Amino acid sequence: MKKLHFSLKYRVCKTLDLAETNDPLSKAFDIFLLGLIFLNIVAVALETVDSLYENYRYFFEAFEGFSVLFFTVEYILRIWSCTVKLHYRHPIWGRVRYIITPLALIDLLAILPFFLPLLSPQLRIGRSLRLLRLFRVLKLNRYTDSLRILGRVLRLKQEELLLSLFVLAVLLAVASTMIYFAEHDAQPEAFSSIPEAMWWGTITLTTVGYGDVYPVTLLGRILGAILAILGIGLFALPAGILASGFSEELQARKAKKKTQPQICPHCGEIINPKE
Amino acid sequence: MKKLHFSLKYRVCKTLDLAETNDPLSKAFDIFLLGLIFLNIVAVALETVDSLYENYRYFFEAFEGFSVLFFTVEYILRIWSCTVKLHYRHPIWGRVRYIITPLALIDLLAILPFFLPLLSPQLRIGRSLRLLRLFRVLKLNRYTDSLRILGRVLRLKQEELLLSLFVLAVLLAVASTMIYFAEHDAQPEAFSSIPEAMWWGTITLTTVGYGDVYPVTLLGRILGAILAILGIGLFALPAGILASGFSEELQARKAKKKTQPQICPHCGEIINPKE
Amino acid sequence: MKKLHFSLKYRVCKTLDLAETNDPLSKAFDIFLLGLIFLNIVAVALETVDSLYENYRYFFEAFEGFSVLFFTVEYILRIWSCTVKLHYRHPIWGRVRYIITPLALIDLLAILPFFLPLLSPQLRIGRSLRLLRLFRVLKLNRYTDSLRILGRVLRLKQEELLLSLFVLAVLLAVASTMIYFAEHDAQPEAFSSIPEAMWWGTITLTTVGYGDVYPVTLLGRILGAILAILGIGLFALPAGILASGFSEELQARKAKKKTQPQICPHCGEIINPKE
Amino acid sequence: MKKLHFSLKYRVCKTLDLAETNDPLSKAFDIFLLGLIFLNIVAVALETVDSLYENYRYFFEAFEGFSVLFFTVEYILRIWSCTVKLHYRHPIWGRVRYIITPLALIDLLAILPFFLPLLSPQLRIGRSLRLLRLFRVLKLNRYTDSLRILGRVLRLKQEELLLSLFVLAVLLAVASTMIYFAEHDAQPEAFSSIPEAMWWGTITLTTVGYGDVYPVTLLGRILGAILAILGIGLFALPAGILASGFSEELQARKAKKKTQPQICPHCGEIINPKE
């Protein structure tokens, strides 16, 4: 009986987890969940289109209800079945340890915006709360290493990135003060203060150049031209640092493929232990 | 007689194909065809200039008629003569196999917009159909490896590109939702919904910055500045990945020059077979 | 007595200098000074926001008074205690040598804008002088190698940078003259002279593209398109040069960790001299 | 006598040529000529500023007269003295050979705009001709290898650059046709024809983004977003190719320092001949 229970739990855990090469049920579940997350993000975006929301309100609400139900069941099953994993073996502390992992917290965050108003009616602040559902995008994290790789690259190149950000910040502060001097009298609206001038500075340094504010005096234009030229040179730094960090990280990942200790699906004993 | 027929077919096939170093007739044909394709693309563009089309209508139509006639004859000759090639030797299945190759399908696509209205008069939807002639640009594919190299680079760097596109998509979704929050009340027109905000997000992330929509609130500007700075760093990733992929591919191409089995131009037997 | 005096001076000097690993007092001082510099820069920026300055005028003035007092005491203590360092040992010439070091000059520059109006009342030109306090950002130099690294990279890649700046300048001069020819008649306001056209040229070459001036004639648009395409190719040069220079410099720094001769904190004799 | 004449000619030639390390007269001449060329370019630009030209007309004309006189004397002296060089030794054919070198043609081009109206009064088309003086910037070529290095880089990376330009051209043609379809009805003014749409396409692909034309329909915006994203990836190609070409070329230059055969300054015989 105990073995049967373990076997079922093991099956559930494997199905919920990222599919291995030869597990069609788990693969189908993965694809379904990925699709559901994607549709949820699309729904969050489309709900803000008034004409769509008014006409298809019931559809949006039904889809939201189904999604929350599904994600809640998934969350409960994950907590129930996590004990088959070596690291979360203990029925109580193992589950507590699992609940506070980043991936499990994201799963909780994905259903929380629906249950919060039920707990306290004052929290029902309408559509704004619904936008929090966007955090469901983080559930994608389980299926991709993208954000984890990005995080590791940021840590790896921390020193260089901080250094170039510092140079950029000093350049921005100096340039904004100078342009404020040069343009304040000619355009008291657009360059009304140094923090306002920093908006212009950032948009010029990044070469976005909306054109909502731009210098008109001779001195301001010379400053703007110098800033634009410097900006390209200096903004290439973080870009280049990130790019080289990514390629280093991706190459390092291809090199190492660790083997981890596993649990037998039939008896729950440790297979392949670290000797 | 059979040999003469084969010899003629071989001559036609060689003339239509990309010229080898010492074949002046084939080279002249290549240059003529390249010029004709180029003029066709120019004609498609110029026809949309009303003043030109009204004054030179007959010239445009005559040129279109000549082009279609030429491309049709070329297409028929290619199908007739393809059997001299080892791969398409069989008179029926060889030709069927040839017709479904990408290059032959492009040749068909280049003349189809002209013949479609003849088959069914309802399809004559005027100038719009004419624009489909732009697909003739794909005929250039025969004379350049550009698109094939691009395709191989995309396959080679598939993993990295998907990874960085995913990070970008998540960043865009999160940034657009946040800016919608920040700017919706101040600019209900420009940031009327999240999909609308995504237009702003894309144009800012790519540093194009048309200036048709831009944040005006303090929170929106801070978000915009962060997005612009992140955008430069993250958009450098696919650019860098593509650039390194291209240089790897071009170096690999210089290294390998494969020899392929050929057919004798006189008797149709295989010369230089794989042993 | 002399030893006690030296010991106190040594303690002051060590506290003012960048903290070593096991000196909590010096570390606390560093953090306090860094915070004060940062707040000063923020104050300079916020003072230009009229609504804030009018309401919190006394707060801004009190903060400025405190900052100047603190920086002045710091400056005097640094000059007094610098003699414990080997290089500035002589009580008079050592201090003069210290005063003319870049870091000490920056410290002087940071307090000068406050004392200048006291020396000569005519110099009290109001808020403008206050903006000079922005130079306090340079005091950060003591805590970071950023600007020194930037300087060394610029020297290292001097030749390549000058070369690409020269190509850019020639391109800008030629393009501005040509666009002046092409657009002067159509837009006599926007392209009133070649120096005016250079503003357009710089903003296009750097891909900022505010949209305040843009070509409208056919010839002007063709020139603008060519310039934009060339600009991307050529502007990538200084960016790439700077990026590779930075990575070279940062790698070189990791390699070398020089040991310098020091003075004993108790007797003032040289420890660890160069043999 | 002959020796004295040769010696003077040799002295003139050496003074006009780029200064060697220990020749103060030649160095002074180089600096004067560089300054004069620079001032000429500034004068061409400033003359188009109406307020300056009206007030300082005589100054501009005097400066132009002096410059032409100086450049003419320099040109005549160069032709007279070029025979001391091994390659242009023959008094007639040597000089003819020298006149048709690129550098000598540029020297001629720099003074021609002044003398042309004297030859034929109808050519006096006023200020427009004056702008041709901008070509004097090419005289800088003698003092820098920039443009020659650029030329060699373009030749070295010819294949890759053409390939990426072809991909860009196809992308631009396809995108402009599609945006014309999508936006023509909504904005018949801005997207009146495909060539008009190409202006939008180029400004978007290069991420300049003036904001004079931008898509407003849903389909147009989706196309615009895709084009902007693709543009960054593909435009990075030529930039990366050029950057790597430059660094290769600059490294190759540092490696080789060729020694060339010279002529004795006293007797005119060849020193250090190729054996």
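Here the chain labels run A, B, C and D in written order, and each chain numbers its own residues starting at 1.
Operating definition for what follows: a contact is a pair of C-beta atoms (placed from the backbone, for glycine too) under 8 Å apart; a residue touches a chain by one contact, two chains touch by 3 or more.
Heads up on the chains, UniProt names are A, B, C, D = Ion transporter.
As the structure is a computational prediction, the values presented were derived from the model and not from experiment.
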| item | value |
| --- | --- |
| Chains contacting each of chain B (Ion transporter) and chain C (Ion transporter), listed by label | A, D |
| Cα superposition angle of chain B (Ion transporter) on its copy chain D (Ion transporter), in degrees to the nearest 5 | 90 |
| Of all other chains, the one whose Cα centre sits farthest from chain B (Ion transporter) | C |
| Which of A-C and A-D has more C-beta contact pairs | A-C |
| Copies chain A (Ion transporter) and chain B (Ion transporter) touch via same or different residues, half shared test | different |
| Chain A (Ion transporter)-chain C (Ion transporter) separation of Cα centroids, rounded to whole Å | 35 |
| Chain A (Ion transporter)-chain D (Ion transporter) separation of Cα centroids, rounded to whole Å | 49 |
| Contacts with 2+ other chains: residues of chain C (Ion transporter) | 198, 207-211, 235-236, 240 |
| In the complex, chain B (Ion transporter) residues that touch chain C (Ion transporter) | 207-211 |
| Chain B (Ion transporter) to chain D (Ion transporter) touching residues, read off their complex | 41, 44-46, 48-50, 128, 131, 134, 137, 140, 144-147, 149-150, 198-199, 202-203, 206-212, 235-236, 238-240, 242-243, 246-247, 250 |
| Chain C (Ion transporter) residues touching chain D (Ion transporter) - in the complex, by the definition given at the top | 159-160, 163-164, 166-167, 170, 173-174, 176-177, 180-181, 192-195, 198, 204, 207-211, 214, 221, 224-225, 228-229, 231-237, 240-241, 244 |
